[in-house]
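Two complexes are shown next, each including chain A; its partner changes from chain B in the first to chain C in the second.
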Partner chain A sequence: MVKLLTATRGKNGWDWTDWAAHIYLVLGVVVMFGPVLWLGMSSLKSETGIQTFPPTLLPYEPSTIAIPGRGDLKAFTITAGEFAGKEMGELRRLGLQAQMIDPATPDTVRRIPVGDRTPIMRVRAAWENFTGLFTQFPFARYLWNSVFITVIATILTLLVNSMSAFALSKYKFTGRDTAFLIMLATLMIPPTIVLVPNYLIASQLGLTNSAWGVIWPAVATPTGVFMLRQYMLTLPDELIEAARMDNASEWRIYWRIVLPLSSPALAVLAIFSVMWRWNEFLWPMVVLSRSESFTLPLALNSFQGELTTQWNYLLAMTVVTLLPVSLIFLVLQKHITQGIASAGVK
Partner chain B sequence: MNLITAIFGFFMNLPELPMRWLQGKLAGGRLGWVFVGPNLAVFGLFTFLPIVIDIYYSITGGTELLPLDRPLVGLENFGSLLSCTNHLDPDSCTRDLFWHGIYNTLKFVAFQVGLMVVFSMLTAIVLNRKIAGRGFFRAAFFYPVLLSPVVVALIWKWILQREGVLNAGFMAVGANPVNWLLDANWAFFWSVFVSIWAHMGFYTLILLSGLQAIPSEINEASQMDATPPLRHFRRITLPLLMPSLLVVLVLGLIRAVQMFDEVYVLTGGGPGTATTFIVQYIYKTGFADQVRQYGLAAAASLLLASVLLVLTLLQLKGMRKNG
Partner chain C sequence: MGGLALRGVTKTFGDTKVIHGVDFEIKDGSFTVFVGPSGCGKSTLLRMICGLESVSDGTISIDDQVVNDVPAARRGLAMVFQSYALYPHMSVYQNMAFGLENLNTPRVEIDNRVREAARMLKLDTYLNRKPTALSGGQRQRVAIGRAIVREPKVFLFDEPLSNLDAELRVGMRAELTGLHRRLKTTIIYVTHDQVEAMTMADTIVVLRAGRVEQVGHPLELYNNPGNVFVAGFIGSPRMNLLPATIASVDGGMVTVALPGFGTFATTTQAAGHAAGESITIGIRPEHLHAQDAAGPGTLSGKVSGIEQLGGLSYIRVEAPDITVQLSGQTRLAFGEAVNIHLPPANIHVFDANGIALPRS
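Right after this comes the complex of A and B.
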């Protein structure tokens, strides 16, 4: 163990620490990523496929067989008796007997004990789980609520935090350090301990059951201000002086010069803000009580309580919820990991 | 895209004139306050004012939401939260759920933070080696961090349900299936496991960047001296990694003390009270119960706040040290 922690790679080929490290990593990938893959695979299973135990890896559903004059019937393989090995369609089931039809002799109905047959399964992705979200549930509404909150809140967060970071890094004014300290001090008051009063304030402002009630309270973030300020401190003051010479207003300097130059830091904050907002749970649960104002996480939470049997829809909805974040990660992986490593925020 | 830029540009130009006017009016640096203003206003309204209201709520009773309708009760809320015949036995307390919450949270914090620091450090050290496809492995360990807590909980609920894939695996090797989330000890175990699974990647990244900041000369020099691995780890890696480790520890503690989302969706705090943590007590008392006891919830919030205050001061101290 200790050697594993400290040893470096041997000169000639692999020593045992390399093996241990790789085994650890491969196991790690299975544990970290396997569950997500399993979710993805399961979300493609039909309602019957999802109730199969033990579960199958691939999504199966009962196959059908075309019988002339009878249409498509559920297909079975006969396992015992006179017709063993034949594939037949089920006309109807009567207790322990089933009326089956051999496609070769479509006019003869045969009685087969139900124990003497197994259903034929075929692999098929049940995309109707996903389309069903839109046709059978107000899913589009939840999706829209989540997107609206995420986009608007991120724009406001960038605007408000960058304005204050600009003043804190580029101006000298009385009370500047106090203002900065006040903002850092808000780290000591995380949202979980002001739930009750924030609910009062939101309800007095008429923000309950509204997207704005979710958006406003977290628009100012101490980490955002801190991160942007650190970045803006590195921008040369000469640029601003030069713009002032040209009679640019301070607002113009802020949004035409400082903001574009800070885009790397703004991008990192934007990514974080999108993640925070898309995933936010406790505060939205407090402030949004009517289901038409629910965001995706809230909808998921209430569905898992109500529809425990409808796992196929629940899993599909889970996949849709994790998809945007996963795509962002796929594209911006480097920015995200570097941003976290440098700022130490999540 | 051009349209978006144009619209955005239009809106961003709107403050130009009023700001220019203000600029002329405000002497010296007072314009700074105009820029800081919106941020401070939001903080004031949703962070500082709430703390004051929290304190007021905590000394009032009843179930009214509006502060002025609430009767003053002094320290009764705190008294009822803290009164127990035997403080080591939650069931002997007036507010037994609160104390179950405290003890569960303490237990959770100890296991979750402890194990998470160990595993993120191990992962960071492994990822710091020269390994083919390191970027891929790093991404795989980090990925769950981005998932919504509700998604995390549902992913694992699906695996852990009675007819889930884990039980199928157990039965395939001849073991009996287990009702993972209906057994108090297992439910607690999975709460710890799932929250480590979800957050470990974040702390691994911080430790990894800490490891990468160790000058390679130091490692090489130690190798030339043929320093035994154990001593290398204890005398070189560990001390140099200490600042990052402290960040990880404090941030991990701050988060673990406030654990709610994943566990609430995964277990609902049960079975019984086995995985009910302190934030769930606040949420339940203030919002989920039939009778909403805002005063009790606020008092419990303030008790939690006092713990978080100490932890955050440690964090700020660390931030200052790291510049």
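Right after this comes the complex of A and C.
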């Protein structure tokens, strides 16, 4: 890792091109990851922390000070006047004056002009944003809906698309290329155009307000079939013939030979499918109208109220929504680079 | 049992006919080699026998049963592919066991057979490796092992040695003939290399452009090629083939005239052929002798190339263009004039259609 980060062009130390490249890359990291970092940090801010101006990167919140007999009060440092430099707790604010209490003399209430004090801030992560998602909203329900739809739809997508790709790449039958072309041609139709017809079909099949209404229409993807077919074309026919000579049924050839050898392409499609299903918004919004069947993106959307938006919860929810996809990408990314098939033949 | 018979077998791809009515029989337990230049249809023929290609016309029978419509897996054959076609994601053991698993063979039985085949092929220590971790020769043996465990009636080999280096190829040739001796199973072997055909086969089927040119024992093909193609194809270095005419017919035997080099007596029968006809004569390099004196049955030319192999020497003689094999090492030098004697008994004569005239 260190070696990678300090890699240089030649062996003669740092050339100016190395500096340029590294500066460019660092800039890229800042541009790409800055917003993500900002989102992550902001999701840990309390509601007031988010609305603080000027905004801060770290999640700050006003510190409190314990006053005997009065409980925890908001802490301030006095900047001018008789008590300059002292830390006091605010009892209440009255116009331009505030009633403050010095912890040393808890029985005396002092009047301090609001201009003569600054609040004491401390860094604190507001984890309650996340726990609150589960206690104050049916977030677990949305999460489950999203996970269920994503997992089932991805499994079905891989299964259906790979079977179709296997037939299109390894069997010879009349109309094969025509079928493939028609399938590809559907890529040219914008999804918004088929939205209404799709909805009509879904509603006639009674799939509205059900997770299956989101899953079934998404299972057959021309992109996935195309990608898998192209990959399967590179698998040598001799392997399949060898399996056929080995008494393998067509299903076994598919299941035991073609599928394992296509795993790099399947991994790519799995990542795509997970991202598509997890982030999908328009179609679920059309099919799912009852809030208990909402997926996370729908929940996020409904969370943005007309008058008020609880940003701290919204941001926390966004983070939770982003996490699984990012993790899956991290895990499967390695898999893509492993080219298995080409090695064993020859 | 594993006798095979092909009757009028043809194959057409679209409008192109690639196999033109092939007829021959393969005896049970024989080692038959299909040999021919690339594109002659030998691999197609093999794929038709094993059931990976359909038969357009004619019949293929195994043990007197027509198998045209029997799927590949049920024909009781096993094939070793040119690329080996090992399943790259399975270990050597799994590769060999896959075929038996598909037949629902009991696990113990699979294990016994795989281990026995592995022992026979010296693969015992590699059973858990993936094919990628094996050398070319080992992969080849795994491919053979995968065929052996199924105990097939006939083994089919499709150019199995073409991916190996020259040294390994010689070794594998010996291993394959040894294997055939032990298993006594019919083997059909496809190659474009006539040396492989000569060294391994008991029967060679020479194919050209989808037609069988000649079928026979290797030495029979070598000694009595039925036509110009077989004469030129079998034997290395190849037979010298020269255009000539029939000069005369003496006592039923043909005397040939090489334009510019005089006439040469032969022991081929003239039946049906007359003087003046254009023919091709053929004579193998090892049957020619270089000598100092000119005389009947000799021609003279200049040395245009010398290959000294130590135990043998080949010289190329120019005008006419022929190769001569000399035993031992030669003192002849480039450009030197040399007289070459053509022994009458070793001259092959082919008529205008390339068909050999019978020799007595």
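The criterion applied here is as follows: the second predicted complex is superposed on the first by the 270 of 346 C-alpha atoms of A that agree within 3 Å, B and C clash if a C-alpha of one lies under 4 Å from a C-alpha of the other, contacts with A are read in each partner's own complex, and residues count from 1 in each chain.
As a convention for this text, a contact is a pair of C-beta atoms (placed from the backbone, for glycine too) under 8 Å apart; a residue touches a chain by one contact, two chains touch by 3 or more.
Values in this document were obtained by computation on a predicted structure and should not be read as measured data.
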Given the touch rule stated above, what does A:L233 touch, chain B (first), chain C (second), both, or neither?
neither
Once the shared chain is lined up, is A:V123 touching chain B (first), chain C (second), both, or neither of them?
neither
For A:L94 in the superposed arrangement: first (chain B), second (chain C), both or neither?
neither
Chain B versus chain C, judged by how many residues of chain A each one touches
B
Just chain B (first), just chain C (second), both, or neither: which does A:P197 touch?
first
Which of chain B and chain C A:L37 touches, first, second, both or neither
neither
Chain B versus chain C as contact partner of A:S249, first or second or both or neither
both
Looking at the overlay, what does A:R176 touch: chain B (first), chain C (second), both, or neither?
first
Footprint intersection on chain A (chain B / chain C) at 249, 252, 340-341, 344, 346
Chain C partner contacts - residues on chain A that touch it in the complex:
236, 238-239, 241-249, 252, 256-257, 260-261, 340-341, 343-346
Which of the residues in chain C come into contact with chain A in the complex?
50, 52, 72-73, 77-79, 81-89, 98-99, 102-103, 130-132, 146, 150, 163
Quick one: which bits of chain A touch chain B in the complex? Just the residue numbers, please.
2-9, 18, 21-22, 24-25, 28-29, 31-33, 35-36, 38-39, 42, 51, 53-55, 159-161, 163-164, 166-168, 171-176, 179, 182-184, 186-190, 192-201, 203, 216-220, 225, 249-252, 254-255, 275, 278-279, 281-282, 285-286, 296-297, 300-301, 304, 311, 314-315, 318, 321-322, 325-326, 328-329, 333, 336-337, 340-342, 344, 346
Flag every residue of chain B that touches chain A in the complex, lowest number first.
12, 15-16, 19-20, 23, 28-36, 38-40, 42-43, 45-54, 57, 65-67, 122-123, 125-127, 129-131, 135, 137-151, 154-159, 163-165, 168, 171-172, 197, 201-202, 205-206, 208-209, 219, 223, 229-230, 232-233, 237, 247, 251, 254, 258, 260-261, 265, 279, 282-283, 286-287, 294, 297-298, 301-302, 304-305, 308-309, 312-313, 315-316
